[in-house]
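In what comes next, subunit A is part of two complexes: it sits with subunit B in the first one and with subunit C in the second one.
Take a look at the complex of A and B:
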């Protein structure tokens, strides 16, 4: 940059490849920084929760210990962790896709129940050959979730409705319908609790305990299904024309329209695919975790999916990693509640702090600024 | 203003410290971009100093450092001999540094006076004394020769007056050093003249003015001395009267280059574009033909329907009447994708708003019109290697200065981003190219490059509609010239050679008009 006497050298050869090397080095460093940041974000959140617990005068050390090491102490807890991470990853991915198209879809809640309902109805009532007995209910769940995603998608893309309001309102409707159907029509006749008949054994997702010969609670092959789905989502976004359209629409819809992309259709697809994934999360709950339908079976998980998507920066790999991290804390929170006098509400604090830190992008900015300053010196 | 100050002599005296001094100033962004490095700059009090350079030469960054919008990563800054460290513009303002941005920053629903005093309102705390504000603004306007109507709402006044309001705002805050970032980009020639008069008057009252531009003609007219920047460094500072345009241009681009365009005569072929009675928002009954291998220029004062006409032809707006065909394909009712399929390419007038996705990679930006078909995609799958090859090829063919095809488009300077847009549109081998403000905000080197590519496309048989606010550019490039006013074509010159800017201006302003028969001759 300093040798301005030879302008020709700027045009060709060395400085250019040097610029390229610098770019690649910077990009590698950015990846490392981003990863560190994510871990650090969670660490800071845990620390703040720790301080809050400390301020209440309870056994903060013991609580922290239970939170951080509890999930690994017994294999069933590991199983619960993996099962929870499976649902949460699917939900995170389901939110991440519309997010990438810059659509704030909060419809996962309703889509989870729609998926659970559809898969359970098939799995309870239809007698199917072994492999189809698992795949058909899953397909039904994806279809139901996708169809439910299409509603706000079309409303947003064609009619200009606000997608946040549309998805939230639809959630309210779908959850009520689910409760009504469950209590009035699907409740198992012999049961005193409000729950459906169990799904047929052929349709239940095979448990990992049976493969590994260790008790792993409800963890099931859905874990591998989820990993396959995450890979598929990565492929969709990075390697297909539809994924390209989603990325460009999310980056600059005016540019997308100018370039001849069908922006409304792209937005619709982002909602439909997101809905289908949330539907699969519902199927995982119905066929893998509960073996049937129960009221409040999603238990707020849908919204935690948003936290996971944020934490994973809407990147499929990041979302799965974030879900694993987050589920770990959820299971740890339960252990903490059982073993100490600190409630799992502490985990809610962690969640809130994570959301604040991530949305404000406070930590990464501070650290990057520090790095840049140090480098410039 | 303190009228007792010594006036006139725009040269540094040995006794007084320079108004503004930078030593070894540098700025490296967190992403590794070194925007400015090791800049020494000394501007004496009462001088108009022009800072010129290509896009991406670091002018804007340097100004941001001087105004406290960015913090330097190296070097020292002094104002009136005092070492300073700005943590934000408020520090700069406190020390008498004012800046007028290229994109004016005023509250549209406030009056000129309210904007001028915003933040430092006269009257008691917590209350805004509107009468006092108007009085103060009028007084400042009178002193500085910046004519404004203090009581007019900003959204009702001309761009020129908005700019004057912005300068008054800086003066009201006690600016002694004024930074003007490409102030003439938005002005008409008359407004430019008025601005220069006012700036000279300010200079004569002891104000130091930094004038950022890449229009050499204006720089030579207004400045006392010129500092040339290139690739983030200061190349040199020369007295304006001792410099020549060619010398400045060569300092800017690092080689001697001619400023005019060598244009072989057009060899128009068959008709490509056929527009009949086209109407839409702000466009009324436009009929025209463009043949293969000719550049048709469209002149007009901005806001007379050029933007809308181009967007109608690009399929971004829907016509209410009329028809458009390209090579026998009726595209009248097709969407943007349909227009592209028919062979229309479009360089949009505002690349930042719809010409690029700034946070996506250069490669992503280059394939938007061909992302779903071979060679970029096959069987529903993007072929990343092909995309990479395509991007590398276009980057080298269009001399885009970018570190890597994966670098974000938003990291490029204006001229290089425009090259990305032009590379994409021209590599689609269009039948019809709609080029709107092809060289807006682009430096001389890139400008030349764009002209050459445009002529190349023409000679390869493309029909070109060129819309530009730069009349000189239109006259130099157009094989035929049309003038638009209030959404209607008002003049047509089939041989614009010898046409002057002044003569064309008469048609643009509606003083003269061609008869309809002449405008639509042969267009039936």
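Take a look at the complex of A and C:
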């Protein structure tokens, strides 16, 4: 509302409206630019993978077709897409919150296993009334993930310990403890495979296919839960004091400190909330996808959460959109591998190129300068 | 405890420690060089993986294990140089770019193996062979010592030799002096005429080459084929050894040896009634405690100096 300083606005007589209109126009332009950049990034990444496939002499056209249209061809694939996007969104959000406070937490992997373990332990062993049977395991997962997030958070905020090393070490410990508990204590008796007993039917997340009467694979109401969580994260970051502190700590730590914000406390909370969300992702795997515990159940998902957070610019809406896009490519990659002789790992290459393009911040500037020089000639 | 002690004190176990520690030592020394030059090299994992894959493939198709080893090491160095381009010239955050490169290595290696051999699992149907082990004619007759030292892989000896070489490079050469100067204070280094980016590029190339040697050991030393994702997080562990070793060659060597010992112990105890996963988790718990302890001590020291302690934003986020 500083537009009273502008003569043009004063002449109009309604400076506030004018200033606000300008502000909104600028913001709209920024959003358009960001969206264009994101779409462009993904397009370039897909193009590079396409060229790689071409160069290795495979059926590139068929592969691209399978990758891009395959996921929509059958409803179970759509279900797999949505289920995958749910886990990935939660993981992306879990990484995005510490990122906003300028903390690089790589601890999602351990937190996923902790969340899966906590939720499954409750869901297998406790007999609870219907709604509580779902909510209590979810709460346990969020608590476990949050508690695990608190460790590197406190170490970083109070002692200044490197959070990257701390989270990596914690991952290594938790994954091993998870393996130990699963193989030595939780393995279902009488089962030859290493997996836990199934969770109680009351605790399994209700499948969407039961509501819509079409086969949707493992897609479940976790999808709506995830959307609610994303909305809550948006509210937290945009509308609450803690969210404000997280954003200020991330964008200007010195200002935050001199402004009297409790920076260590803010950093700790960013880790705890991130951990709780990763714990929920683990619960979604245990209660929704697998219906129990399995070895290596998180796969490489935790690191893919980082990709999603980056691609979504650490913005809750962006993260969900990026997760939907990314899991679409994942399902498409599997279809591609089934239908053509191109391996689904082409998708991992796409993902890697996306990360590199997004993080290479000077690249757009260099491209712009190059184009300008060509135009000048 | 009887059978456990028997295992721990056997010469076979000591020999296994050296073997298992080899990739950790090589990669951690690589991580050390990059870290001291001010570029955290989280792409160690990717360098190892691409080197392991390239080495096995080249050795399998060319029939020469040495050609495979050289190409593998070059592949590791190349990936680290890519990190240098992204971080130093394209303004990418070193950590995020490193994670991206690790993904790239994971995707590209298994894509290539699948495209060439039609097998997602690895190159086991390709007879790529392994680098030779070194037999020591006189020493192998000494009881105890001989069984531990003789018959170790060439790269295990390279790892043992690399520690003093890296120490010499860092502390006794002009290049090492420039490297440390660049890592400690890039502006100061630039002001006295040191070419900061050039030094960092060279440090990264060496770092990637050492990680590459670690990867080559995995696919051409410990076994004679490449398995998809066979590094299994060793690059990240090596990075932890860099910090646990307090950024000094000797400390890094001991830390890497510690991780190797725990892993070897977990393998050896696998057939006894001891939870091997918990044994192999010990060094990570120890690293966490050490990390907290060192940070606490540093924080206390800086408080007595009345210097402002860094609270937010890890040093790695500030590009040099």
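Note that the second predicted complex is superposed on the first by the 336 of 377 C-alpha atoms of A that agree within 3 Å, B and C clash if a C-alpha of one lies under 4 Å from a C-alpha of the other, contacts with A are read in each partner's own complex, and residues count from 1 in each chain.
What we mean here is this: a contact is a pair of C-beta atoms (placed from the backbone, for glycine too) under 8 Å apart; a residue touches a chain by one contact, two chains touch by 3 or more.
Source: prediction; values computed, not measured.
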Considering only the touch criterion stated at the top, classify A:19 as touching first (subunit B), second (subunit C), both, or neither. first
Is A:224 contacted by the first partner subunit B, the second partner subunit C, both or neither? neither
Of subunit B and subunit C, which one touches more residues of subunit A? C
Identify the partner contact of A:256: answer first if only subunit B is touched, second if only subunit C is, both if each is, neither if none is. both
According to the stated criteria, A:241 is in contact with first (subunit B), second (subunit C), both, or neither; which is it? first
Quick check on the superposed pair: does A:211 touch subunit B, subunit C, both, or neither? Answer first, second, both or neither. neither
Return first, second, both or neither, reflecting whether A:27 touches subunit B, subunit C, both chains, or no partner chain. first
Common interface residues of subunit A with subunit B and subunit C? 256-257
For the subunit B and subunit A complex, residues of the former touching the latter: 26, 28-32, 34, 37-38, 73-74, 230-233, 235, 253-255, 314, 316, 335-337, 339-341, 346, 348, 353-360, 364, 367-369, 371-372, 377, 380-382, 384, 399, 403-404, 406-407
Of all residues in subunit A, those that touch subunit C in their complex: 52, 56, 58, 101-104, 106, 151, 155-157, 159-166, 168-170, 172-173, 176-177, 179-180, 183-184, 249-250, 253, 256-257, 263-264, 267, 300, 303, 306-307, 310, 341, 343, 345-349, 351-353, 355-356, 358-363, 366
Where on subunit C is subunit A touching in the complex? 40, 42, 86, 89-93, 95-97, 99-104, 106-108, 110-111, 114-115, 118, 120, 233, 236-237, 239-240, 243, 275, 277-278, 280-281, 284-285, 287-288, 291-292, 294-296, 298-299, 309-314, 316-317
Going by the contact rule at the top, pick out the subunit A residues touching subunit B in the complex. 1-2, 4, 7, 10-11, 19-20, 22-27, 238-241, 243-245, 247-248, 251-252, 254-262, 368-369, 371-373, 375-377
